[in-house]
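Pasting a structure here, questions to come.
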Amino acid sequence: MTATAAQPLVLPGDDGTHATMRLLVACPDKPGIVAAVSRFLFDAGANILRSDQYSSDPTGGAFFLRMEFTLRHDQRADFAERFGHAVAERFDIAWRLWDADRPKRIAVLVSRYDHCLLDLLYRWKRGDLGGEIALVASNHADLRTPVEAAGVPYHHVPVARDDKPAAEARLLELLGAADLDMVVLARYMQILSGTFLERLGVPVINIHHSFLPAFAGAGPYERAKARGVKLIGATAHYVTEELDEGPIIEQDVIRVTHRDSAAELTRLGADIERVVFSRAVQWHCEDRVLVHGSTTVVF
Amino acid sequence: MTATAAQPLVLPGDDGTHATMRLLVACPDKPGIVAAVSRFLFDAGANILRSDQYSSDPTGGAFFLRMEFTLRHDQRADFAERFGHAVAERFDIAWRLWDADRPKRIAVLVSRYDHCLLDLLYRWKRGDLGGEIALVASNHADLRTPVEAAGVPYHHVPVARDDKPAAEARLLELLGAADLDMVVLARYMQILSGTFLERLGVPVINIHHSFLPAFAGAGPYERAKARGVKLIGATAHYVTEELDEGPIIEQDVIRVTHRDSAAELTRLGADIERVVFSRAVQWHCEDRVLVHGSTTVVF
Amino acid sequence: MTATAAQPLVLPGDDGTHATMRLLVACPDKPGIVAAVSRFLFDAGANILRSDQYSSDPTGGAFFLRMEFTLRHDQRADFAERFGHAVAERFDIAWRLWDADRPKRIAVLVSRYDHCLLDLLYRWKRGDLGGEIALVASNHADLRTPVEAAGVPYHHVPVARDDKPAAEARLLELLGAADLDMVVLARYMQILSGTFLERLGVPVINIHHSFLPAFAGAGPYERAKARGVKLIGATAHYVTEELDEGPIIEQDVIRVTHRDSAAELTRLGADIERVVFSRAVQWHCEDRVLVHGSTTVVF
Amino acid sequence: MTATAAQPLVLPGDDGTHATMRLLVACPDKPGIVAAVSRFLFDAGANILRSDQYSSDPTGGAFFLRMEFTLRHDQRADFAERFGHAVAERFDIAWRLWDADRPKRIAVLVSRYDHCLLDLLYRWKRGDLGGEIALVASNHADLRTPVEAAGVPYHHVPVARDDKPAAEARLLELLGAADLDMVVLARYMQILSGTFLERLGVPVINIHHSFLPAFAGAGPYERAKARGVKLIGATAHYVTEELDEGPIIEQDVIRVTHRDSAAELTRLGADIERVVFSRAVQWHCEDRVLVHGSTTVVF
């Protein structure tokens, strides 16, 4: 085994009697929500590890809350049901409860660029990702070796130019059988149809190799070179039917100069892409990202 | 009047019937604090605008909470007293309550460099600072003109090399008479004694022209040039008796190269100093900084 | 006078016998240019202080060179003429020679936001700009006071919605009489016509409050908020007839979160705008920016 | 093979008739150097691809020049000898000539952290490094698998606490037999003696996990947490006998908050370490770094 930089935190209840849970809440803002949720958690014997909240508009917009807490196992059985009755219904809350010990199951779609995929595999192996890579599928055969070396199944699903629906059907079959929590596009150079996304039924995260909304679509580094920008960037976002228009999770940039050719922008940009992509996937795995219309709240 | 970029938010209660308050809480971490505080605020009819919290150690460290909320004026009278009895005593809470409508009164100490002072005056005039500049004192006469042009009293308090106590006594007299909430050192090139700080009795923020703890003390740009660093920085921190050792509020850096002389580092660094300094002062004015041992929690 | 951070360099020839010159060269790339230019300078007794060059394409593109050097006054008289004959004609060089002791004369156009204007005035007064503010013109009367306090003439040139040509004619008259080297738009909220730019005959630099090409046009902060970007930026560029499409000189960004309203983006962005703008103007004043098609080379 | 982002540039002479060369020059600054060097290259039929120069002090300091150019193979034979006679001796030039087609041979020393090592291997495999990994040696056995999977010999050289000289002797034997151009310490947690460095006879680059000179020595992330800094960094530098005091090649930082534990700083910092380290090694491989006293010039 390779050495890892991070040590797991020892949390209260790691004696096996407690679980660490994450509660995500979204609802119309009104007084009393925090009091009700925190009272409920206190009565259930929960110990709050971290809490974040956001009101989109103090005069009455949307309210978002994320609470991470430990809970005795004997309190877990009907915790969700009780929370639904006691709190969620009263405040018209959309909510989600996640057991932090259960990693998100992730499928990776990739084409031929390997930097985002390899970085994700690396962080998973280090124990930093908060998820597990269940499978990799690609429209090319190129990346089979490193994926299988990591112990992950690699599926080659070619995409015929004149029969994309067949490829999507094959992918849906594959992904549907894998009990996934999310799908991530690690530079997957194919556009997914709205039908596909709908049938998939789990969140999809894409990395785009520009600072969106600049240079949406194809060839962003070539267009960045032609426009003469002084910074290039990368954007991780949830995928929606509209290309490169989904809610942005994370972005970052790197400084470039007139000396850098489009090929060098591609090389430099790869360092930003992989970091932005991995951050976004990790944050999603840790339930730190909530969608708010066409934007995100990141706690 | 000059144009300003920002428009004031219209908050609930800006009809004059409500006040915006900020509550800061620090105490030993234990279950039930958030439930108790949020219940108390709910019962008092408060509307929470923003809430942030931090547990230094989930297994039992320090707990910090900042809540910003609106309150009806008729609830304000005995709000503090009731909070003390109902919540603070029960959880052994150190707390502070601040009326957001009341700007912090600030004295600025400065020597001859003007960039931090002028930036602060500018933000104050724009309405972005959250505080008001009550007076400026300096060991030099140089900066009288721009300060008085801003309508602020300028006091020249020379510091004789062989009689610093006399200068500190004169400063204490001046500052003590000004009903201050804080003192800020906008490149004040004099070391303040522990006795002075103790008698002053309000927080003091300093800007140091390096990325602390690198280059603490005199001549940081010259030493940065000699060491050949590739980034230079600035650090805003609370002043303690030990020079450049107080809790850090904010830091930032800027990239430099071998081409930049110490004089150019000084020029480039000034842009970072003024921004880091103004941010730190603004955050303090907004009650977003809590001291935690030798460090800070910034909400 | 206020204290300044920077000390002037003492250069060879500052005894008054030498001048510091800058030579800018652009031509088709071919072997021997550097040898010819550097030989010419050596023979003229010049001492090269700094030299930068760039080949857009090693297989035969454009070549750019900037040389800064000292020259004895008795060599200056026919230096340009001799360079033209001996070197420039031979290599088909477009070139420019500038005496570094002569500051660029700048006119500032501004509307109501003051942050870019004030920062420029400040740097000029510090001696950091490499140019001098000859006049300020505005379509509003708001900023007269600080401009006149800096000793600069302020011209109020209202722009009637239905008679923009009249305003442009008045501006041309004003600017034409001022012996200018450049015009800068410090948040001037008016579009200048192609005819105006052509008649003006000097370079124009604009600051746009977004990371171009994202959010070109009106309301970039509102659109940034709606799109949910995680970084906002500013772009300084040469003005061409096509809005926000001119060659980019400098860009920078700052991190924002879901918590920041459009008003807060405006406030935070102002700090980036003024720095990006001042850098671009300073670099132009120092003859460090060459236009290369729709992009720039910045030495 | 994995896909790679970058395409090789097609340079003049890539028909096999030309070589790409890099000439590094350091000497006391005086007039005529550039004219002499560029004239020599022109006469030799060289085509300059890129040229950078730096004068440490225009009034008479050190002068540094890097020129990258193509040369016909039939000109290469005695090029160095001719340059020595015609130019170098005349200007008292210390110089180095490097054939860009010849990758630097690199040995990596590593302990148990794998992130810097793996990133270097990855860039080498992509063809981005400008060097080749000749061998890896470690005081631990942990990282054998990924190194050997990359086709690189892995040598386990344990370091006994009471017999470091034996380990250094074994390392010197290993490294001495490998015809190396440089040695890099990819988080090698052992201090190398001055004797070892001297006998090694090639440059050594280290990555230190702090923003030097802050937190030199052991435990920088723990000390960064204790001091409460708001940014953490990494520094790549040439190794000298004095620990963490060698000339800095590259540094970068990342923002952190009070929420980040020392373990999280370690995790976040790893992303900066690997990028800073790989950049520094690549720049050295490309002959872009010159040592200037206790600092570097990076072209």
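So that you can tell them apart, the chains are marked A, B, C and D in the order they are listed, and the count of residues begins at 1 in each.
Note that in this section contacts are C-beta pairs under 8 Å (C-beta built on N, C-alpha and C of every residue); 3 or more make two chains touch, one makes a residue touch a chain.
Here is each chain with its UniProt name: A, B, C, D = Formyltetrahydrofolate deformylase.
If you're wondering where the values come from, they're calculated on a predicted model, not measured in any experiment.
Enquirer: From chain A, which chain is the farthest off, judged by mean CA positions?
Expert: Chain C.
Enquirer: What angle of turn lays chain A on top of chain B when you fit their CA atoms, given in steps of 5 degrees?
Expert: 180
Enquirer: CA centre of chain A versus CA centre of chain D: separation in Å?
Expert: Chain centres of chain A and chain D, defined by C-alpha means, are spaced 36 Å apart.
Enquirer: Of all residues in chain C, which are in touch with two or more distinct other chains?
Expert: 9, 50, 259
Enquirer: Taking the complex as given, what residues does chain C use to touch chain D?
Expert: It comes out as residues 9-12, 31-32, 34-35, 38-39, 41-42, 45-53, 55, 58-59, 70, 255.
Enquirer: Which bits of chain A are touching chain C when the two form their complex?
Expert: Spelled out, the residues of chain A in touch with chain C are 54, 211-215, 226-231, 233, 247-253, 257-259, 292, 294-298.
Enquirer: Note which residues of chain D are touching chain A in the complex, please.
Expert: 1-3, 5-7, 9, 50, 111-115, 118, 122, 128, 140, 142-143, 145-146, 149, 259, 261, 263-264, 266-267, 270-271, 275
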